[in-house]
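Step one of this worksheet: look at the structure below.
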Amino acid sequence: MSQANPQTATLTYDPETDRPQEECGVFAVYNAVDAGVLTALGLHALQHRGQEACGIATHDGSRFHIERYLGLVGENFTSPDMPQRLPGKVAIGHARYSTQGASVLRNVQPLYSDVRGGGIALAHNGNLTNARVLREELVSHGAIFQSTSDSEVVLHLAAQSKKTKLTNRVLQALKQVQGAFAFVALVNDRLIAARDPYGIRPLVMGTLGDAVIFASETCALDMVGASFVRDIEPGEAVVVSEDGIRSERFAPAHPARICAFEYIYFARPDSIIGGRSVYEARKQMGRQLAMETPADVDVIVPVPDSGVPAAIGYSEASGIPFELGIIRSHFVGRTFIQPTQDRRDLSVRRKHSANAAVVRGKRVLLIDDSIVRGTTSLKIVRMMREAGASEVHFRSACPPIKFPDFYGIDMAGRAELIAANMDLDEMAAKLEADSLGFLSVDGLYQAVCGEARNDANPQLADHYFTGEYPTRLVDHDRDLSAKEFQLSLLVDA
Amino acid sequence: MSQANPQTATLTYDPETDRPQEECGVFAVYNAVDAGVLTALGLHALQHRGQEACGIATHDGSRFHIERYLGLVGENFTSPDMPQRLPGKVAIGHARYSTQGASVLRNVQPLYSDVRGGGIALAHNGNLTNARVLREELVSHGAIFQSTSDSEVVLHLAAQSKKTKLTNRVLQALKQVQGAFAFVALVNDRLIAARDPYGIRPLVMGTLGDAVIFASETCALDMVGASFVRDIEPGEAVVVSEDGIRSERFAPAHPARICAFEYIYFARPDSIIGGRSVYEARKQMGRQLAMETPADVDVIVPVPDSGVPAAIGYSEASGIPFELGIIRSHFVGRTFIQPTQDRRDLSVRRKHSANAAVVRGKRVLLIDDSIVRGTTSLKIVRMMREAGASEVHFRSACPPIKFPDFYGIDMAGRAELIAANMDLDEMAAKLEADSLGFLSVDGLYQAVCGEARNDANPQLADHYFTGEYPTRLVDHDRDLSAKEFQLSLLVDA
Amino acid sequence: MSQANPQTATLTYDPETDRPQEECGVFAVYNAVDAGVLTALGLHALQHRGQEACGIATHDGSRFHIERYLGLVGENFTSPDMPQRLPGKVAIGHARYSTQGASVLRNVQPLYSDVRGGGIALAHNGNLTNARVLREELVSHGAIFQSTSDSEVVLHLAAQSKKTKLTNRVLQALKQVQGAFAFVALVNDRLIAARDPYGIRPLVMGTLGDAVIFASETCALDMVGASFVRDIEPGEAVVVSEDGIRSERFAPAHPARICAFEYIYFARPDSIIGGRSVYEARKQMGRQLAMETPADVDVIVPVPDSGVPAAIGYSEASGIPFELGIIRSHFVGRTFIQPTQDRRDLSVRRKHSANAAVVRGKRVLLIDDSIVRGTTSLKIVRMMREAGASEVHFRSACPPIKFPDFYGIDMAGRAELIAANMDLDEMAAKLEADSLGFLSVDGLYQAVCGEARNDANPQLADHYFTGEYPTRLVDHDRDLSAKEFQLSLLVDA
Amino acid sequence: MSQANPQTATLTYDPETDRPQEECGVFAVYNAVDAGVLTALGLHALQHRGQEACGIATHDGSRFHIERYLGLVGENFTSPDMPQRLPGKVAIGHARYSTQGASVLRNVQPLYSDVRGGGIALAHNGNLTNARVLREELVSHGAIFQSTSDSEVVLHLAAQSKKTKLTNRVLQALKQVQGAFAFVALVNDRLIAARDPYGIRPLVMGTLGDAVIFASETCALDMVGASFVRDIEPGEAVVVSEDGIRSERFAPAHPARICAFEYIYFARPDSIIGGRSVYEARKQMGRQLAMETPADVDVIVPVPDSGVPAAIGYSEASGIPFELGIIRSHFVGRTFIQPTQDRRDLSVRRKHSANAAVVRGKRVLLIDDSIVRGTTSLKIVRMMREAGASEVHFRSACPPIKFPDFYGIDMAGRAELIAANMDLDEMAAKLEADSLGFLSVDGLYQAVCGEARNDANPQLADHYFTGEYPTRLVDHDRDLSAKEFQLSLLVDA
């Protein structure tokens, strides 16, 4: 556990929605004649975890087949000849999140490499906290890197392992990496699924007839009609082969500390994460929020879509009516040209619009899942007032975000995190809200875990709010102590 | 008013969502330096009315500029050079709905033609009921048609008018057409906006500083920050020019009979149609439905997204909790390959998935805005049972749909309309629902108009439910009586 | 016959090659089960006449099928499902030339229109000299135009004809138009091929088994394995139907005055135009040029590819060796970025490069088919000197071009035509050539026709050199006398 | 030197043209402010060496910038913002040849890797004959490969070198590879250009002001206006840096044995290879051919375009007229649908057509640069007869091709090489030619080198004709002796 210096975090995130960005979703199938097709469906169910790119690798018993694309699964893996193009009974797939920057095809997963003993295809959700240090070591011994992806480090470690069996070399590689990850790999025709030592990223196992399925979330099991079996345990690798299903530990047993933001925002509401319904957790956050920060208002208005379950919960607990006071457009596209004349800021309206009929003359309570920089929150408060709300109050269904993430979540740097730089009154003034409230950390724990935070051994990865990181931050600490390590950055089209 | 023989209706609609399809949205700006940019924003707000294609025409004082594309506004009208490409202070725009068939660029609006006295660009939402008869007459006198669009008939009629002034020729053309339409046209640098004699399609006027705006719905006025002024009246044409704003009547005054489906499904919930909030009308349909067809259930589950307001209303009136028991995916794409093995039907899951946590072991009441063929409804009922619901009841927030539309709405033919072919019990059995209920026609009127149906002079276009069409169906009747008229159908890429 | 005022000609042409641009090629098939496929092959053979766009229309006995694309035939009409997409035993096709400006799909041919009695699809090579006057008349009577193509005038005239039979209406339309054209049309399942009254544009008939074929050039007959039958005569329309082949005259008999530039540059060398081999005509121009303007040089170097046959002829007649002193790149693309440093003009090298091994230290005679503005000629002269040529002489295998064309050829305006503005010495100085020579007009006639020019009744359309236009220039004269006619120009994407 | 067993060669080549396929062209610039722009121009001049893909890497003093595309240089490197996207004063570029199979972006060069000490970008023309053996060794020590390109082996060898300086590590890598290559690399901001120990592939150096240029052929120097300095010597590496130009030997001095096919077919005729004009060499082959295999014919007809210089030479030596009896289409595209009716083979006509006017009734001698399988030759002979030739004779301006290449040239396997399987009479019968002749090996040497073959130390790489390979064929021999080595082939999109 370590306390990061957040000033050095330089991660990017999507400023237009002011939401943190998940890094990816993974899916894998063992022993289904239509493994590639099932994987496409499973990835579609995980598309909310990443829309930048997607890829599927299969093994047909003798060869690998890989296709990787920029864009959505439904745009790239629906061709009628897909079963022929991606044959085989084992498959892994990956959905990757969307950044602002130039998308880079060579970073799209699954990554693949020929190694001694065959080939490895690998897909990975999360972030390694010692990837750069490992990379530096590997490079100093002659390894060459084609991508900037963390996952390539795992390929190199497996390739350089002295173990005989290829699966054992992958397991040995997993022992060397730190951080948060859900990981699926094809090692020739064997399938390995592994989860980081603290279980920060989710990963579940299911069955579909004779097939074994792994997925980041249960909603992907549901999509293909598979039955949930169990969560992969922290530090566990499951190897599936002709010899059956074998569980291996590559790290000591430890209770899972699932990332709190899976419950707050990332996961799909119909998923079950760590045995708890995401939807129910969110509703419960709303109920808890109603108890902790009541508001004397006429209507509860969710910021769609992620604020809806908490708003339903708040409405139930408070008895104040729930109304769709903000309508979200389902049509996306590039940013529109701003009109040239001196007019009100129209940018937020591209995605959200006020439903004036339900807010005019009303005291409105806006409920959102979280507040990162507060920029969008401010625009929405103003939009409510322009639509005629007499008062506009704001509640965040999670605690104040004060610390950046190092496990695969893109969020604003600390300098931009509103709660890291202002107290409650300052924030309310900044957001132009008549009142502002956040769920407490204990309220979050009550809502998600049904009990208070165990400070000695917290049940969640909650560093966003507490600054307590579950793992050492090797790369991050190294950056502070020495500047000698610098990649030749490659701009590639 | 006439009773159609629905067996001959051969319109197409989207079978995957089992929803009727709106034909279009229109937007227009007079006297704004960034007329083209504002029109793009306005069309984006109307994108729910049509996603197949979009187009914008401007006039820069001496010339027309037109761009038309297949696809969304946000994909096609966001280039930084758009103000240069579409210069001028007047503009009209059009968003067109999505069909299954090959999209045909030559049908994309605005249509344009050189005529005596200048040029006319025209965009149109709706359907003319005498277009084919008029077209036949025009062709027999030597007119040639380049598109299969109704709107081209209006261009020809204006071109052949003997009136001197070009705007008067357009008005004369409007007197000759029948049906339902909201219509905007650039006649050189003049702007005309017109609405059909019965006001079946909506059309509103607003202002933004010195600019005059017209739009299919008020949500587009909100998008650009314009203020609502009034509805265009049935049979009214508004001509805006350097001489100011002039109202002309091309048909006798008649109270508006707005298409009931604008309230039920088409319009955006934040729009005000005919002075009534669409969102409130939908919630009221839900409340009315709760009174007319109560259900002894544990949870109210909307079919997202269009069933949500009615479900909120039903929940309020009944006191039964509202829950998101179905999660809708926001990621679209082509139809996925079906897995080859013998498995449950996965097609509906691409768009909807069950939130098992809130339906397992529960008596569930599904609320949808309407039921057309019932195919999707059946899949959703089954999905609820697979997710563990102990009972599944179904309610439609509109009356049984028994008759096709001829005013621009694509819906199934009568043979496919479930309510046209089965009684309530048969439908419930077909949908495998434990109970089924529909809003009554009078309940619909109470919800939308706050009063019962005026049978002598109905307040809405409600032919879907009653078979009473507000206008003669000239083309349709002609088809029945004589087969001599047949276009050489043109398949064009 | 009339003398134009060339200052008002505002046609565009390709400045990068300094070559006039042909307007199109046409192809048609009657009575072949694979009419669409044959048409694609035929258009490919005519691709040199136009690379901007291409289209094919077929009639399957009851319906028309049309596909039109921007780009090459080989990129757009090679899909395996083409026979299904373009079924029917009759077909017409069109290849359109490449302009710099935005390509406009609505101008791509074949044009189509529903008319009384069925449909007409039409493709056309050439230019009508009274199209704008006719268009103005049509518009004043209520016609509306969707394209800016001359060909749409023909559709309107046919549509407005009072004749009963549709083919007769097309023939009546042909009587009203003036100018130069080769014209193929499907009138329902009948095929019409027609050539302008002076035979300025070429059009030939052939047979392939039971099928009748029409094409702009014989090379397209060769491509599909058809046998040449005869030229269509000036003012003749050939109608092919179930009743057989019928010849109709729509203009009085007149000997053909084929456009001289077909022989000089446009037509493919393996075509036979007006009974004369294009290749032999070009070689003969070179021989004649050798006699008229001998040069004391070491090597003959053609400007590739169009100067090659004349250079072979010049070499044969003079005994001076023919050498490939300029190499042409077959790889095209957009214009490259010019290097920023102060260097020699590299633009010409993208298409041509000097073969220094054969020009270094040599007295070089460059032979080109023609000189329009002279800009490229100058660059090539300089390129030869940079490659080490001791002297560079230049010969044009056609006479000096002094007058623009109005029959479908894009060329520089008169102000840009070098020979219209300079005498021989000035031109030689401008081109930096040690000597310059042009073929004489009589030499051209000797080469092409084997006899001198018949001044009373010239055998060719030679207005480029003589200013004598074979037809009245109605639109052109009208432009000079009155400015009241002005289209609202439409910029369309 | 070794004798290969050609039955195991499984290289692909373009069957439609029946020509061997070059593997690539390279270009590099040191010390020009517009290095990227110059490289694009240089690659355009080398486009004949590869049309599948192209890429450019620059180094701006601190970082690398790389763009790689499928398609032509003129389609991908002409954007106005290219100087900004590819900044820096050093650049390397690569043009890659076109295969039938799926194009694979990850194989497109320049390849790049971070290594200890910085980065290496590398582009390479040719083929390593021990790449698979080296790769196997590298993989067995833990290296992972991302591409199937030979060039990646060089990156790994450099990365694993124990030398301190990065340039020295690249030089050490070059010592380990065998085969044929022209090689340019950016090692941070240093530029290395190297040529294989036998000089099989060409590589030249030039200057342009203060800039140093390297290119596969001199025509690329001409394109950018650079002056030729000298050939890179076999086994020489030239390192250009701030310290100046340094020549290093990584292999013992050996006279160049340039690939004979560079003279016969690959190189552009305006290039100077090994001090000899390619155009003059080809003409001389034609003259030699005329002496060795005279023909009693009326016309000499080249198979365009590669047969033209030899045909000019043959015509000069024999006094028989040279005529363009075959016209080549410059318009390419996908293979057309074959007409369904029983007709003559039309496939060859898509690219070539007979110019009947010059062959009808004539005894024709066809001259081509080479004959690989003979399939196209047969079609052309038949096309001449169909066009009316009374006799058709055929001559190949190079000796019979009996052995495959292993140095980067795709050609048919030995089983398909007509000259490897038939004697002269059989070939003439197969080609349906009235007579057939090939240039002798000594004739080739006389034409290219001006002297007979030095059997002890041949002046060219002539294994195609003699089976004598200049280098050991390590991978190839290994394949024969042992099958234990097999890559997991990866199909990637």
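Which chain is which? They are A, B, C and D, in the order written, and residues in each are numbered from 1.
Simple rule for what comes next: a contact is a pair of C-beta atoms (placed from the backbone, for glycine too) under 8 Å apart; a residue touches a chain by one contact, two chains touch by 3 or more.
Just so you know, these numbers come straight off a predicted model, no measurement behind them.
Chemist: Among all chains, whose Cα centre is located farthest from the one for chain A?
Modeler: C
Chemist: Once you find the CA centre of chain C and the CA centre of chain D, what distance in Å lies between them?
Modeler: Once rounded, the distance between the two centres reads 37 Å.
Chemist: Measure off the straight-line distance from the CA centroid of chain B to the CA centroid of chain D, and report it in whole Å.
Modeler: That gives a centre separation of 61 Å.
Chemist: Between chain B and chain C, what is the separation of their C-alpha centroids in Å?
Modeler: Inter-chain centre distance comes to 49 Å.
Chemist: Residue numbers in chain A touching 2 or more other chains?
Modeler: none
Chemist: With chains as vertices joined when they touch, what's the shape: line, ring, star, complete or other?
Modeler: Drawn as a graph, the chains make one closed cycle, so a ring.
Chemist: What residues of chain B sit close enough to touch chain C in their complex?
Modeler: Checking each residue of chain B against chain C gives 62-69, 85, 105-106, 112-116, 118-119, 139-147, 152, 155-156, 159-161, 188, 487-493.
Chemist: Spell out the residues on chain C that touch chain D in their complex, using ranges where they run on.
Modeler: Within the complex, chain C touches chain D at residues 32-34, 37-38, 40-41, 44-45, 47-48, 51, 72-75, 77-78, 80, 82-83, 208-209, 219, 222-225, 268-270, 272, 277, 279-280, 305, 308-309, 312, 316, 321-324, 327, 329-341, 343-344, 346, 349-350, 353-358.
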